[in-house]
Amino acid sequence: MMTTKRQAGLLAFSALLAGCAAGPSTRQVDEATQQVLKSSFREQGIARLDRLAPDASNQACSEAQGRPLDEKLAKSIEAENLATVKMPGDGKFIGDWREGEKIAQNGRGMTWSDKPGEANGGSCYNCHQISKAELSFGSIGPSLYNYGKLRGVSDPASPDSKPIVDYTWGKLWNAKAYNACSDMPRFGHAGILNEAQLRDLMALLLDPKSPVNSQ
Amino acid sequence: MKWSLWGLVLLGALPMAATAQKSTAEGIAEYRAMLADGNPAELFEARGEDLWKQARGPKKASLQACDLGKGPGVVKGAFVELPRFFPDTQRVQDLESRLLTCMETLQGISAAETAKTPFGQGEQKTLEGLVAWISAESRDMRFNLPQSHPQEKLAYEVGKRLFYLRGGPYDFACASCHGEDGKRVRLQDLPNLTKNPGAGNGFGAWPAYRVSSGELWSMQRRLNDCYRQQRFPYPGFASDATIALGVYMGVNGKDGASIAPALKR
Amino acid sequence: MERREFMQKGSGATVLGLAVAAGLMPAAAGAQNAPGWNKTAFETKSLNDAVKALGGNAPVESKDLILQAPEIAENGSVVRIGAQSNIPGTTQIAFVIEKNPSALAAAFDIPAGTDANVSTNVKMGQSSNVYAVAKAGDKYFYAAKEVKVTLGGCGG
Amino acid sequence: MSDPMRIRAQAQGDKVTVRVLVSHEMESGQRRDAAGKIIPAWFIQSISAVYDGKTVMSAQWGPAVSKNPFLQFSFKGGKAGDKISISWVDNHGDKRTDEAVIS
């Protein structure tokens, strides 16, 4: 009556657990979790099963279950991620903040209902306040309103601004380079946004004329 | 659904003058308060009660002999104790999964076929009504999921693993949005599902009528869309993964009151 | 997703424009219209045109007409609006949403003995002025409120 | 066949407050399906309430009324135990009437 596939899930462990009042051991939970993942998920559209296999960073942060990582482990994860950051090929960091605003508003991309090859959004407003005009913003990440202004960026091209410009690019490219278990996607590293899109988001955050800094 | 005069009272009490400038949060609270009276989920509840009693399927039988965990035919209070372990299937099952079993054994409607059916169509539509009515029969009762069977304990631990599992191109886990207090995505409050009151409030709101789509969503459908937004692969309907997450949330929400079927964005 | 299909801000307007141009406005697309349904009124684009199509003209603002609507809508698919008219002899209450493809949302006849107080749920494609309209004798009155429609959820 | 309406009619003093939920798609005619084709409009155009042989409310609706519509009104002179009936007609010519007892 139930499918064989489903029976293979948790059921396989009932024998193991018989007479075990204290609850399952870590190993039993590990094995059951792997079986459950295997029996429960299937590919759909562009969402392939390899998405379930975490890389080293995600593995460590999953296991931590919200607790802070061991400092040495965190540092090594951050170093690994920092090494992936690719600075823009042509040395240009700042694009068009108007385009950046559109990308920040757009929450689409890479779900099983999205088509391959379509440009993804940045989902930025889902988690951050950015420009003052948008009232519908999330609070998972810090407010980015006045991002450039608060950091004293009056000309993103000036040498004075270089450190903050580099950091911001790096943070967008791979947020885990600065915070091992950041909740923020690795937009450049994971291929969510391309260089041109990242430049536009940089402009939204750092261009003095962007409403983020001018209003 | 209770039709109190609450909505009216609230409407009268709220300052409706256009001059009153409210904060965004106050504005949203006002919007929700105005809608609180007249939740269309009630239309689904009515359909569900009929579907429970109607002789249907190849075996032309009703679901009135279905055991939702408190004995054959007992509906009241069943919802707040699910998911739980069922000896006949040797499996931890949530409401949707259990209904698949009952529809198959009592009515001869294939569980595998229904699980494969797209949401909102065919027997999935039947389930919308059933979960609305069955959950409504436990309205205001407190969650008390059993954790005595080893499989129930295992399901909780597996659910916890899945809750914290980061994956996909965005590195999202359930915990990315639902692991802390006081967070929002856009303007929607995100319940912290790791403890109360968030777990009780969050888990206890589904099934719910979603105003954005005008549909009645079961917890299985809610979790399916969470995984879509998480950029994960597709979780099977009533799969062990989505059931285990239900156990994790429901146990964390112990003693929270069920308001399902609620009204959601 | 569902939300966007109904009311995406920018491109939605184009879709609506095309629909109008192609004669796909609600009445034409339906198989038939209910007896007495005021097709013309439901094709108007503004408060004044809607009132004209209902048989009046030049509505005036009135403090005796109270429009109940939220300042912010979490979702434009369902917005509760209501109106109470304290104008003696009110025989009709209508709701107009300025920026919707068809501005007139609903028109209620109020027979003698029925309160001039009705409410319903409406869809709003975007932030807009919302009007309650009341007819008393042969005069029309209105009350206005701006309702902001916000984007919600993960947006995907 | 359409589902029944949910009607609540409550008498308080000399006034009856009526709240109605209707099961209907209320398709606006503005939405497109996955293939990009306009989904044809399908919505209730008229709805009315009758008590004691007399129409106590009648309305014309456009496609902007929400899916699974809600409606509230009140009238004088109704008594608990009496019946009120609500009827609607949509642009497909489908119609439905349901009754409720005033409580």
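A, B, C and D are the chain letters, set down in written order, and residue numbers restart from 1 in every chain.
Keep this in mind: contacts are C-beta pairs under 8 Å (C-beta built on N, C-alpha and C of every residue); 3 or more make two chains touch, one makes a residue touch a chain.
Everything numeric here is computed off the predicted structure, so don't read it as measured data.
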Which chains make contact with chain B and with chain D at once? C
Report which of C-D and B-C is connected by more C-beta pairs in contact. C-D
Centroid distance [mean C-alpha coordinates] between chain D and chain A, Å: 47
Could you please state the distance in Å, as a whole number, between where the Cα atoms of chain C are centred and where those of chain D are centred? 17
Distance between the CA centroids of chain B and chain C (whole Å) is 34
So how far apart, in whole Å, are chain A and chain C when each is placed at the average of its C-alpha atoms? 42
Chain A residues counted as touching two or more neighbouring chains: 111, 113, 125-126, 135-136
So which stretches of chain C touch two or more other chains? 72, 77-80, 82, 119, 121, 148, 150-156
Note the residues in chain B that touch 2 or more other chains, in rising order. 24, 38, 185-187, 211, 214, 228-229
If I apply the definition of touch given earlier, which pairs of chains qualify? A-B, A-C, B-C, B-D, C-D
Can you tell me which positions in chain C touch chain A when the two form their complex? 1, 72, 148, 150-156
Within their complex, chain B touches chain A through residues 24, 89-92, 101, 104-105, 111-112, 150-151, 153-155, 157-158, 160-162, 164-173, 175-177, 179, 182-187, 190, 194, 228-229, 231-236, 239-242, 244
Which part of chain A faces chain C closely enough to touch in the complex? 105-109, 111, 113-114, 121, 123, 125-126, 135-136
Interface residues, chain A side, partner chain B - complex: 1-3, 6-7, 9-11, 13-14, 17-18, 20, 23-24, 28-30, 32-33, 36-37, 39-44, 47-49, 51-54, 57-58, 61-66, 110-113, 125-127, 135-140, 176, 183, 185-186, 190-192
Spell out the residues on chain D that touch chain B in their complex, using ranges where they run on. 3-4, 6, 8, 10, 17, 19, 21, 23, 25, 66-68, 70, 72
